[in-house]
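Chain IDs A, B and C follow the sequence of writing; residue 1 opens each chain.
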Amino acid sequence: MKITKNKIDYFLLLTPGLILFSVLIMLPIVLTIFYSFFKISFLTNQFDYIGLKNFYKLLHKKDFYNSLQIVLSLTIIATIFSNLIGIIFAKLLNHNNKIFIVLRVLIFTPFILSPIVVGYTFSSILTDNGILNQFLAYFSIEHNISWLGNSKYALVSISIALCWQLVAFCTVIYLACLKNIPSELEDAVNIDGANNLQKFRYLDWPLLAPALTINTVVILISSFKLYDRVLALTGGGPGRSTETISMLIIRTAFNENRVGFASSMSLVLLILSGVTTFVALIYLGKREVTT
Amino acid sequence: MFIINRLIKIKYLINIIIFISVFPFAVNAKDQIELDFMVFETPNLPAEFWDDAIARTVKDFPEFKINKIVPPNVGTMGDYLKQLKATDQFPDVMMSNFAVAEFIEAGLLLPYEDEDLVRFVDPVGLGLTNGKQYALPQLTVVESLMFYNKDMFNAAGISEEPKTWEDLMDAATKLKSNNITPFIVGGAAGDSWAAAWPLMDLVALNVTGKDKDFLKDLKSGKRNFSNPLMESAIDAYSDLVKKGWTNSTALSLNYAELQQTFLSGDGAMYPMGGFFAGAVPLDHPFEIGVFAIPALDGSSRLVTYTSGGPAISASTEYPEAARKFAVEFATNVATNADDLFRDAHIPNNKNFDLERDMKGYEIHPLIFEIIEILQTPNFQHVPFFTFEVGDDALVAGMQAEVFSNSQEILSGKATSEIIENLNNKIAELQ
Amino acid sequence: MPYKRIIISIFLSMIFLFPLYMIFINSFKFELDIIKNPAALPDIFTLNNYLNIFSRSDQLFTKSLLNSLLFTSLSILFVLILSSMLAFSMYFLSNKIQNIIFIFLLLGLILPTPIILIPVFTILKFLKLNNTVVGLVLFFSAYYLPFGTLVFRGFMKNVPKEMIEASFIDGANFLICYYKIVLPVMKPAAASVIIITGTWVWNDFLNPLILLGPLQGTTVTVGLYRMVGQYSINFGELFAFMVLISLPVVIAYLFLQKYFIEGLMAGSGK
């Protein structure tokens, strides 16, 4: 339908959202790009143009590569883990019994909790004398691990807290997707006498592609945002071993008064997350079978 | 006649109305000076302490109306203030329990006048910036103290308090051979300052206290952290970890848990500031002693921090009133007494008399011992590392780097790596 | 009866949901009990932790709760109105322009907030809206607008074309068409947007911390952060606080979970 008359009221409908979005989302992005060429301090009201110096410094900043690597590791672990367990849970709970209905509802609950609540929850489970170590001790497995204090294990702890919520999400998305698999196809495969593994590989896996896309994109978005959970669990430590990019940006801007430098980091993060997400979308999207 | 009466009554009424509507404003405008006052809450100094302290000063000077602001975490007060500044909510008055140097340099704080400082025994305290004082030297904290579990010392056959670093190492060896963890250290997540405490002490005692020009050269870029004194200070800390003399839980404890670890008798020695004494109950199961942490080269040095009183915002609406409130708050003897009792903060107030003002308080003997240590003659008092001001101040962001590298030391990283991190950081920030 | 499946499912679910159980159960225990037996049922059942929270001298919980309720509901309202309006308007545009707007909005969807927090703050300050609830609400509305628009757009496809055309014949303009026809029909979409946006806004921590500023009261998430930062951790009270601030979202979810899932599917399916 084309707009033929009454353009004014149409614009009244169209523009407020777009204006708000432009002012509070697009404009800040432009400003971030702008700021990254300056040396700015909110404390001293400094605003000096320094060209590409921020980016040059960024290239040599060990902490930045450290944070990038942390986020990358977490993303990979989260993607593999959450999708894997998500599919398993989904297949397990994909039945019509009343019990499964209840379980399906309950399983999603971790995802709706605030990340900071989840962070503190796991920080109490993963302390040296916490439940996890007590549990391992009960079964006489190595239990002296300092999950939060040892930089080698701290990343694992964060993965646990992150995946806990993402598994819930992935499970539900996979369940919804499984529901959409036409039963005729399923019956056909069953008649052909395929066993479970073959069934999965040739029927489920291709048809679950949309769910995989959604889950991966959501995981990517969540990983780049990581702040609350990590703050609650380790504060970025020990040392800087779990400092995510978001934490680095906030620290640089506020603790070190270097808003320009933080903006250059933000710009790199923006490009990175944008490219990664789009690539994932397109690549995984291609796999989707349109019914 | 009638009309004139009417007019007079109306005029009367109008006058009354004007009077009633203006009076409250007049009273307000003259009498009530509203100040935002940022304090900090810790287990030793909870909300009640601050509420009482503020109430005392307001009672004597009712022209003040105080809005108390509390940061979420005492270790990140500086960051919180920066947020407040960025959101135009910088408080009028703030307790200076953070690294003030960068705020002074940014021109955010108001300098005190000489008349404001007359009531203080030591008006210079932490130091002056361009000859001016920006944070009232309200109290003195002895920072380089080693608290110890007397029972454990006895059990290991240590009869005397260590006087030199070698004595300290001997004591630790004895403790270790008796299966006692010699040192309790640590600080996770937001309490990384606690992990940095021993390092800050060691650097103050052995680097900045010895080499007076080090910090100035650091600031001007002439030197960096590659320095034999700095290396030996960091080595001293990391050796404790390498020899297995520290608690394995170090990096998973927050400050409250760290304190509790020592109080539960999990280790023999606990390096911390004097305020720990305020947390020791009088009837504690084992007796706790205290001695000054020795310098590596045997010199008599003590790390002290004389500051901590209120600082004033340079952009406050009421500079003179704020200064007055700050001085009255910092020199209120009842508040000083409460502070001494709860947090072992030794008052720097000429009007404070230990005997007279501490009547009715049952002070822990540890606090007296700390005061004794502070008053020991022939001890060179050195400022606390990362809190210095003026020409000796560290550039913004370095303190956080020191904190986080202390956690790295506890993780077992090598001294060379720590120094490299610090050098990289300072190069980046300059 | 797939017994094996039921037993395995229940077993795995119990392990998976254990942290939830732990927080809930420990909020009813005394401190020592928590430390001794974190996983067991309370030795002595107590409501002390909850009572202590409500009787705090700074009223941390009630103030945070009111603040969160205020800006969450306002944000939801704004997102609902603005995104439904936008989705409706886009319907009438050519596909090409629709796709352009889409990519525009998509950028907002994948954007991590810390990137733009500082410029947003500068802009709000310029508009004299810094540290106000309105400023924060506007930011949330802008941030979740893409999501809302996607959901509504999905549902717009289900509105019969004839219905819309019919409303125009009666001489109605776009506004009336939107109000009379589209709004009632898009109720399910609205429900999804409400619950999902509400959850995300309620759970947000960093944005209120920085945009609302430290003094403008706290939100429930910032309140939790302050509780931990302040004292020797009293786990019982901490857990009780966490239960209390999660309760609204969990209850809303349990009653409206159908809309939650549908909304997520529609939004992500685009």
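Note that contacts are C-beta pairs under 8 Å (C-beta built on N, C-alpha and C of every residue); 3 or more make two chains touch, one makes a residue touch a chain.
A quick note: this is a predicted structure, and the numbers were derived from the prediction, not measured.
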Neighbour overlap between subunit A and subunit B returns C
For the chain pairs B-C and A-C, which is connected through the larger number of C-beta pairs in contact?
A-C
Computed distance of Cα centres, subunit C from subunit B, in Å:
40
If you average the CA atoms of subunit A and of subunit C, how far apart do the two points sit, in angstrom?
16
Multi-chain contact residues (two or more partners), subunit C:
225
Two or more other chains in contact with one residue: find those residues in subunit A.
231
Set of subunit B residues in contact with two or more other chains
83, 86, 190
Which residues of subunit B touch subunit A once you look at their complex with the stated criterion?
78-79, 82-83, 85-86, 102-103, 105-108, 188-190, 192, 248-253, 396-397, 400, 404-405, 407-408, 410-411, 413, 421, 424, 428-429
Quick check on the complex: what are the subunit A residues that touch subunit B?
41-44, 57, 60-62, 127-128, 144, 146-151, 231, 233-241, 251, 254-258
Applying the document's contact rule, which stretches of subunit B touch subunit C when the two form their complex?
36, 41, 43, 46-47, 51, 69-74, 80, 83-84, 86-89, 190, 254, 256-257, 259-260
Spell out the part of subunit A that touches subunit C in their complex, as residue ranges.
1-3, 6, 9-10, 12-14, 16-18, 20-21, 23-29, 31-32, 35, 89, 92-93, 95, 97, 99-100, 103, 105-110, 112-118, 120-122, 124-125, 129-131, 134, 164, 167, 172-173, 176, 210, 214, 217-218, 220-221, 224-225, 227-228, 231-232, 245-246, 249-250, 253, 259, 262-263, 266-267, 269-270, 273-274, 277
Name, in rising order, each residue of subunit C that touches subunit B in their complex.
57-58, 121, 125, 130-131, 210, 213-215, 222, 225-226, 229-233
